[in-house]
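Heads up, there are several structures right after this.
Shared between the two complexes below is subunit A, which pairs with subunit B and subunit C, respectively.
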Partner chain A sequence: MNRYFRELSVTGALAIILLGLAAFAPAFFQPQPLLSLATREAPTLIVAGGMALVIITRQIDISVGSQFSVSGICAGLLAARGWPLPLVLIAAISIGALLGALNGLLVAGLRLPSIVVTLATMVTLRQGLNLVRQGEFVNLPDSIQWFGLSQAAGQWALVIFTLLFTVGLGVALRHIAAGRLVYAVGTDAEAARLAGISPQRVTFCAFVCLGGLTGLAAMMNLVQSPQIQPLSGQGMELKVIAAVVVGGVAISGGRGNLWGALAGLMLLACIAPALTHLHVEAYWEKAIQGGIILLAVMADGWRARKGGR
Partner chain B sequence: MSAPPILELRQIQKSFGGAWALRGVDFDLYPGEVHALLGENGAGKSTLIKIITGAHPPDAGTVKIGGNVVTGLTPATTQKLGISCIYQQPALFPDLTVAENIALRLETGAKLRRIAWPARRARARDLLFRLGAAISPETEIRHLSMPEQQLVEIACAIGAGARIVIMDEPTAALTQKEQQRLFNVVRDLRKSGVGVIYISHRLEEIFALADRVTVLRDGQSVGTQPVAAINQATLIKMMVGREVTQNYPKRTTPLGAVVLRLENLGCARAGVQDVSFSLHAGEIFGLAGLVGAGRTELARILFGLTPADSGEIRLHEKSVALSSPQAAVARGIAYVPEDRRRHGVVLEMALEENISMASHRRLFPRRWLQTAAEDRLARGFIRDLAIKCAGPSALGGSLSGGNQQKVALARWLATKPIVLILDEPTQGVDIGAKGEIHKIVRQLAHEGIAVLLISSDLPEVLGMSDRIGVMRAGRLTAILPRGSDAATVMSAALGQSELDPV
Partner chain C sequence: MGRRPLPPVPAIIPLSPPHLSFAMKSRILRLTVAVGLILGSALSTRAAATKLVVAFLPKSKGNAYFISCKGGAEKAAKELGVELLFDGPTDSNAAKQNEIVENWITLGVDVIAVAAENKEGISTALRKAQKQGVKVVTYDADAMPDARSFFVNQATPEGIGHALMDDAARLLNQEGEFAMITATLTAANQREWQKYIEARLKEKYPKMKLVAVRPCDDLKDKAQSEATALMSAHPNLKLIMAICSPGVPGAAEAVKQAGKTGKVKVIGLGLPNENRRYVHEGVTDSVILWNTSDLGYLTIHAGVALAKDQLKKGAKEFTAGALGTFQIQGDNILLGKPFVFNKANIDQFNF
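On to the complex of A and B.
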């Protein structure tokens, strides 16, 4: 079977939905709503890239939503104090990377199970933020709205940057020597260790990358609205993990790529607008998304039982 | 012995994928007898035990238990027939209490029945009392020492009314005093009419405990003797009595300078102590010994997996600290691990990815994957080592055992090592590939690599090595010259001679 069967099938499913929409609800393809949809999902895609990295190393991070909120609020406060945009951006990425490093230290350094560690950091960060902010919004200066561009130009810039960045990350994962190590560690950490690779270091770096990307994503979210609220990242972890898994990144580690994650996210993100355009009740959205996730996991299980590709 | 045997095996044959494990073995056991089973690693002891316990079906031959021919044995049915096996590592549930563990083995009945807790505890107490063990039935298994856990296993066996008890190296982890207590238990079992199959590498135990001994070699029974009628020398001769028939490639170039020198090297965690020897460029230094003698542990110390805590490692006469595999690789040490199916090659990754895995730094100095260079490297090794495969992008898992071993070897040759540690390089490899691997290893030594060859295959160690170090219980007990005979090596491995330096 083709080695990229999973990626191809997700892309195929996406194509079928888009074709169906083209036939029955061409209104879906109006440029402005589509651009808005893409802009809304852009931060999620950035986080999904990092999540793919972490899941390929056979770990998981469910604290990304909280990291996103914390980075967003911190960046927002700095922006409100009048910091220039580039510095705010750097700060957001650094805060995210720092939070990722904390997870990485606990998981790789102390060899704790990542699902429990990140559950703990998720709750701690979220509640800590609530405690400090008491649910208060941060009003953002106009100067950082859409990077100071017009809304349309800002949206285009964001979407194009996100796509280029994802492609870049995907290429890097495939063509930088360190990317190979990520797969090796996720496939068989002990074998990697016996090959002179440090699984701890690779795992730590994956968490730091995810954190940094989450910070970047928080920044991309920040420029989209006049205010930022402390719950901005809530629920993001499930969305991101779902997209990555649907895209063919195996939760058991060692397999998957960013093309799949991109297709998975687009597939899940299309469901809600598609339903609207097809005049189906919006309540179906979650059920259909759940069904898609189940299908993806079943495909992985089937493939694992067949003994690999 | 007047009573009929409770266990009779006749002409048992078993092969695994074309390799013979047992070729027609006879074995019998009488009630009230301790029958020792002896043989080198890979002689077929474990396979024979697995046939008796029903874990493997025999390919041919008959098994009689209590006088009746039985077929289609499974571990569940052999337990009902009164066979219990006590492994070196007790297979108990660490978080359950002694009474609960015993109950899990002995209680049958409906899954939803009510549990009679007082009866459960009373039975456990009674069984342990019969063994003279001072263990409370309420203790959780993880709080018990290894010998105590063995006693619980034996209690299970007695409780199940076992007539045949198999003990697989039960004393390996015990202290002298604990051994004596175990021996007393075994003698009590014998007195009560149980037949005991006792596997051990320690000859003195066999002489202290067993009534008869059967020696296995290369899957065949060399003979069964009453212990009273033989001595240790005879036993060793029975174990190794074979000639080196294969042709091993010999050294043709003189030895180079000392590359690696170990001085009183030890690691408490790995159970290795006070190992000293030196390894020359171009030399193949064989490490012989029984399984568990500390050879793999020594290799793992040298590769930085379990760093040493005493002594010194000198590379090119410079003291080095090998605290991680990365440090070892950077110093030019390569380790091809045993059990390659699990960790030597990554089965889900392509052959070229496997080969380049340990040499990213050398191969990709700009951190960017050079697929062309990687492909060239892989093709070079496929040609030089004659790796049979569909091409550089074939998956590691698609290769045969011998070819996987060559890939594991290629991965480390790609790092251009100065010391190459091979751990059981030909285990489970067919005879043709074995010869090829031997030639490759000799060629590598010829090119100036210092090779440390760990092997449980005695003819291989004898045939390949320029010198042979023998390990026993974590220590290097002898260094023997090329041309030493198997009996000498075996004696040192079993603990019959002192270190005599060459």
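On to the complex of A and C.
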């Protein structure tokens, strides 16, 4: 019970919000808007999975939003040139993984602090993209919309894939040797090194994974609308890191799991539509999200102190 | 008439601040002479040409919006028989704008028309240009008032607010619920527009109701999520008005995906290219902005009239060729009512 206190409390908070909405704004639970909400958040959840990996190794990557934009715009331009969907998908993932590898090399190879490295890559990638695109949208061919499926089928496919993927990644993280390495490095890099693990290699791999997943997420976003904005993904880092931290992944590394991140993301994603349904002024949205993050971090601090005693 | 007297070199020397050392003063003297020589040679080579030279500076030269402005500028230049120079930063770069203006001063152009990236930043260079006899007008984005003669104002907040509200009322027959999507709740221009929209609503359309205002952070994807929630939270919603440009296609995509095309109408402030497909599909009814080509046309006409002394401070109106007469408020030449892009005319615009 105590071990999963954080995950359970987030799930509990989510349940309270959903029950509140059921009582005061039942219109929230219409199928079409809910499916739409889930589809819109699916790419974010994929990125959150990768972010959990990186944070568990005691690093952070705040350049994911920029990676998301760059992979998405590049993939969009390729699609607009008539590349077939599978190749565009591979390109998006590769570009993301490459950008992740760059961060990984700087952090693991040169042992630079990840927050500074990824701050630099975040700004550089974003400005580079602005310079090249001047904010202009990329128009996408109709053939890649919803992977060529109908809208409803495409939405369900995205949501189900995302859930299965998250469960798969979560299980792998817990039960496969490579997954345990991530926890080992995050808990105590020196001990991991003495046990024969290369913390640098694990860290590098975590960044590459996050990059690749960000590319995949950009692709999942691409198929959802007929045009893509170069600004897309701006602010994504905040949402993803917040979801992961609220979901109980410790920013100090070594702790947390993906179902916590899933619950954290659902909780944060529900706030904006919930406020609209409850006719609350939009000013509250970010304040409430900030409050939730603060509560989560305070819970972590409280647990750490209690555990230390 | 295209030439003006060379700035008298000695007159500039006393202007150098007294605290400068002798060495520095002499360096400034040498510089001034050098600049004067360059200017002189530039002017003498031009002496043969009688054509006025008008330089047109966009915020960035690759931007489709400014290329569309340039279209109108070229038309005006041709009509007036003046030479048009078009140059600008490749990105929106304030420092690069200054550099270009400095170059134009050296070249000895007659008129400089500027869309300022940085209000204060560009003004020093523009004041210098004025001091050397160059006529300066601004368009699209103004510089400091003392750094130019006139600002060609593409749209007042009042004009935009009223145009949006009137268009919404026309589409809903002045009755029903509508919601608004803005960039951020605190952005100054958005608040200004919102203020005029709400004032117009109160004054003229008592049967219409603004049920919610939601921010989209200038993100199309967020606008889509917000619009989806707005439609489910307000089942009687008849129209979504987006007052930031990414918000219009975002709201349109939400309406389309919800299968509510035609039932929930979409209008907003935006660019034709970003909304073309939704306008053709009938999701978005109209997109409001100004006619960028007319903006370029009017700007060149105003600049040339200034150089020919046909337009003076204190004028109340100004006639620009084929487009007719424009009002002047103070030192702002008003382009007039915003332009409504709809199915019938949107394909005539590419920006």
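Assume the second predicted complex is superposed on the first by the 306 of 309 C-alpha atoms of A that agree within 3 Å, B and C clash if a C-alpha of one lies under 4 Å from a C-alpha of the other, contacts with A are read in each partner's own complex, and residues count from 1 in each chain.
Methods note: a residue touches a chain if its C-beta (ideal position, glycine included) is under 8 Å from a C-beta of that chain, and two chains touch if they have at least 3 such contacts.
Model, not experiment: these values are computed from the prediction.
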**Q.** When subunit B and subunit C are modelled together on subunit A, clash or fit
**A.** fit
Q. Between subunit B (first) and subunit C (second), which does A:H175 come into contact with in this model arrangement: first, second, both, or neither?
A. first
(Q) Touch test for A:Y183: subunit B only (first), subunit C only (second), both, or neither? (A) first
Q | Three-chain overlay, vertex subunit A: subunit B-subunit C angle, C-alpha, nearest 10 degrees | A | 120
Q: Based on the superposed arrangement, let me know which partner A:L194 touches: subunit B (first), subunit C (second), both, or neither?
A: first
Q.
Output check: A:R305 vs subunit B and subunit C. Expected answer is one of first, second, both, neither. What do you get?
A. neither
Q) So, A:G254: does it touch subunit B (first), subunit C (second), both, or neither? A) first
Q) Which partner does A:H277 contact after superposing on A: first (subunit B), second (subunit C), both, neither? A) second
Q: Could you figure out whether subunit B or subunit C reaches more residues of subunit A?
A: C
Q.
Taking the superposition on A as described, I'd like to know which of subunit B and subunit C A:R81 touches: first, second, both or neither.
A. neither
Q) Shortest C-alpha to C-alpha distance from subunit B to subunit C once the two structures are superposed, in angstrom? A) 33
Q. Which residues form the common part of the subunit A surface touched by subunit B and by subunit C?
A. none
**Q.** Contacting residues of subunit B [partner subunit A, same complex]
**A.** 303, 305, 324-326, 328-329, 335, 337, 342-349, 353, 357-358, 360, 363-364, 367-369, 395, 397, 411, 415
Q.
Using the touch definition from the top, list the residues of subunit C that touch subunit A in their complex.
A. 60, 62-64, 90-92, 185, 212-215, 217-221, 224-226, 228-233, 235, 246, 249, 253-254, 257-259, 273-274, 277
Q | Interfacial residue positions of subunit A with respect to subunit B in the complex | A | 174-181, 183-184, 187-188, 190-198, 254-255, 308-309
Q | Residues of subunit A defined as touching subunit C within the complex | A | 25, 27-28, 30, 32-33, 36-37, 40, 130-131, 134, 136-137, 139, 151, 221, 225-227, 229, 231-232, 234-235, 272-273, 276-277, 279, 282-283
